[in-house]
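One chain, subunit A, appears in both complexes that follow, with subunit B as partner in the first and subunit C in the second.
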Partner chain A sequence: MTMKIKNNIAVSDNGFVFNPGSGESFTVNPVGLEMLNQLRKGLSQTEIIAEIQAAYNTEEAIIERDLLDFLDMLRQYRLIQLDDE
Partner chain B sequence: MTTKKVYERPIIKKLESNMPNKFGMRTIFEPVTHLDGVEVKALAKEYGSPLFVISEKKLRKNFRAARQAFETRYPRVQFAWSYKTNYLSAVCNMYHQEGSWAEVVSGFEYDKAINNGVEGSKIIFNGPDKSEVDLRKAVTNNSLIHIDHLDELYMLQDIAKSTGRRPKVAIRVNMDTGIYPIWDRFGFNYENGQAWDALNKIMFSGVMDLMGLHTHIGTFMLSPAAYGVAASKLAHLAQSVLNKYGHEIKYIDMGGGFASKNTLKGSYLPGTDISPSIDDFAEAITSALMNSDYRPKNPPLLIIESGRALIDDAAWLIGSVLANKRLSDGRRSTILDVGVNLLFTAFWYDHKITPAQTFTSYTEDTALFGPLCMNIDVLRESINMPLLNKEDLVVIHHVGAYNMTQWMQFITLRPKVVLIDEQEKVHLIRNNETLDTIASLEVMPPHLSFFEL
Partner chain C sequence: MSKPLLTIGVTGLNAIDSPGPGVAVIRALREAASFDCRIIGLSYESLEPGIYMHDLVDKTYQIPYPSTGTEVLMSRLEYIHDIEKLDAVIPNFDAELYSFIKLEKKLKSMGIHTFLPTMDQFEERHKVNLNDFGKKYDIHVPRSKAIYNVMEAQALEKEYNWPLVVKGKYYDAVLAYNFDQTKAAFNKISAKWGLPIIIQEFIHGTEYNVTGLGDGNGNTIAAVPMRKQYITDKGKAWGGISIADKQILALTDHFLKSTKWRGGFELELMKNKSGEYFLLEINPRMPAWIYLSVGVGQNIPEALVRMAMGWPTEAYTHYEVGKMFIRYAWDMIVDLSEFEQISTHGEL
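What follows is the complex of A and B.
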């Protein structure tokens, strides 16, 4: 199952997220913004973890744990398009 | 080589614009990295986490402010430190150094006060649980015994007759002061005449010295006016005794129960904004006494047994993050190594909790849980917290009252308590428990000593 950010979601450079489908707005922090943009580009989880690890002073296990949690939240807020949808 | 950016876990937060706070208040976070000039991280490193930290500076400052509030309004004031609020000996001795007597509510606390070196005549013995052994000791030491019920009064009469000593007594009076609930389970009721009957019994017995009148109208009182009502009623009782017996009541003990600056659960505004100051309580009590109809030759001594309002904000509890989790409804939850076992007052208060290290402006609505395997182990059901990581330290504020006497030894051991003195030097004042502390009290029957698995 691949996770893809819905096409119509607008993400600004400073972390403002707008879902025109529901009218809901969100904010993300810098790491969240980076992950969100990587997801929009279609990067896999492994690729995202590698990119974050290259840019930030943290460990792979922590990034993986946080990315999974972040994806859960994106799904909870209905910002992610699942294969079967 | 390029330096890597500082990592912070990713968060996404929904913007809510439908529920503005009518007071326009927002939670302002400042990291609390130092307590009285001592670094939180260094304290946790040396003494472990969790750790209770008491500020001598703040404790003495609070006491002096309270004493000044009363002494500038009334000629004769005496404070008595409420042992049940915090009976660590170092804490008690700071109050005794400031001139406080001891106010105790059990034989254990009585012995603790004696061990601390408090003169018997400067111990006020309150509470419903005083055994005959306790009372005999208190009578011998000329302590001030505040009678709670008639059974105690009769026991004291018998002790007086059998020992030939005159117990120094007061009665505890409960009354309607316009607040709910009325604490009518302690002492004798004013309105229905029980208190007056008890005073008559003492005077008629001829074997006890009636020294004072005592009340303690409730706990975490937010209404100073109720103390004014209580003081008037006690003064009226004192005048009735003077009229009937020509006997002067030597002291009026208004107890304690003054609210601290903590925030009660369910309160709309924080305690720092709504709790009355010690001056408000002093004003209500002393005005009522000065304006009362009690006219003895010497004004009675006013005794104050405040505990919580004097010590609550003079102590902190340092804890650390064990883990972060996501609850089924999407809420963030953080598990700390501090639970209701150490922070009993989390059942009543929404304690202020601040991180002990710097953080960014991003926050998440978080449920803060303790480490116990119990569903009720919740420190804050919902608090807007910065993004805490495992092993980050937090400082819990206003924990001085009741936590170090009501803490539980449930599934884990109680931690160290340190005092930061006025020169910012750290002293260990209570060591942590060990397995041996607990196991040494147990006795194993021989037939249960061995097993094979």
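What follows is the complex of A and C.
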């Protein structure tokens, strides 16, 4: 399954995330920034896990858990594109 | 080519913790691209900070409180006009708008231009009439009722659920979580602002505001939506950010088109969890954060003056998203002689 970040979300190189629709801003850490950019590129969850694992040499299960938590958070903060948007 | 010079009277110089819009409006006028201006401050109290901001305000005159009636205000304005030759006046308080709308034609005949809502528009958008307003113009508003006796709130608590919003007819709003708190808020607010008190259903969600300008024919001349980022204990924005929200802009266009609103305004909106917007309040004037409009590319006070003067004014169609305003407090050092001058002579 591919989750899409809303098109208008601005993400800086420093990990500062701005939602121009709501005026909310967030900061993400370097791994969060990588995951966000991969999501923006349209990578699937499996692909993201593989890329993070290759870069950080960490257990797949841990990365998967972190990614799912992260996606939950993005959903909660309405940064994920919904079907009707 | 030199720009025309306009002499503009501005009220709302109380740049305090719950600020009037005057100083922000003046800053915008000073940055107007299409005219230069001489600013005449119109104050009510001797300690309104704007009186002493000589780089913004050229001269200030005290004017009588709205409660003294329109005739007293008119005679004071005639006196000021004799000396200053005002081209336009921008009243910035809800409570004084009634008098200025009443005097609009008289002022015009003297050469003083205004750009105000009509008396019908002013009355119709009143907090007390918000329910009818919502029905008439097909805009979601929270349920509310104007009450004259605190016991009437008891019937509403069953209908609306806690908390309730207890509002004064001009100003003040308190959240009440039980009947004791409702009673306390009712007494406190009614002692200050009179009756009725408005009991409003509380909408859970995020607050947004939009300021703009309507041309009186249903067209949007300007609209800038903002989300408050930092709120004082009085609920005033101390920081905010311009946002891109098509729904808010569509709602603003709908408001202007259906009411044919004339003049500056601020809509206070609440977005609930399902993404629906509720109109909480319509302020019939520009807000204290109006300078953000200049920061994002829409000088609303300038456009308002142009409309007042009857000059052709193009509608703004773009603004910068993600621009913030952050308010700050600044201590001015003032000679006692200046305070004495405004206190005893009513002019500075």
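The rule is short, and it goes like this: the second predicted complex is superposed on the first by the 80 of 85 C-alpha atoms of A that agree within 3 Å, B and C clash if a C-alpha of one lies under 4 Å from a C-alpha of the other, contacts with A are read in each partner's own complex, and residues count from 1 in each chain.
The rule is short, and it goes like this: a contact is a pair of C-beta atoms (placed from the backbone, for glycine too) under 8 Å apart; a residue touches a chain by one contact, two chains touch by 3 or more.
No experiment lies behind these values; they were computed from the predicted model shown.
When the two complexes are overlaid on their common chain A, residue A:12 makes contact with neither subunit B nor subunit C.
When the two complexes are overlaid on their common chain A, residue A:73 makes contact with subunit B while staying clear of subunit C.
Contact with neither subunit B nor subunit C is seen for A:44 once the two complexes are overlaid on the shared chain.
Of the two partner chains, subunit C is the only one that A:21 touches; subunit B does not reach it. The larger set of touched subunit A residues comes from B, when the choice is between subunit B and subunit C. Taken together, the two complexes place residues 24 of subunit A in contact with subunit B and also with subunit C.
Note for the complex: subunit B touches subunit A at residues 4-15, 326, 330, 360, 362, 387. Contact residues on subunit A toward subunit B in their complex (touch as defined above): 17, 24-32, 34-36, 52, 55-58, 62-63, 66-67, 69-70, 72-74, 76-77, 79. Those residues of subunit C that touch subunit A in the complex are listed here as 206, 208, 226-227, 229, 240-245, 321-322. Taken in their complex, subunit A has these residues touching subunit C: 8, 10, 18, 20-24.
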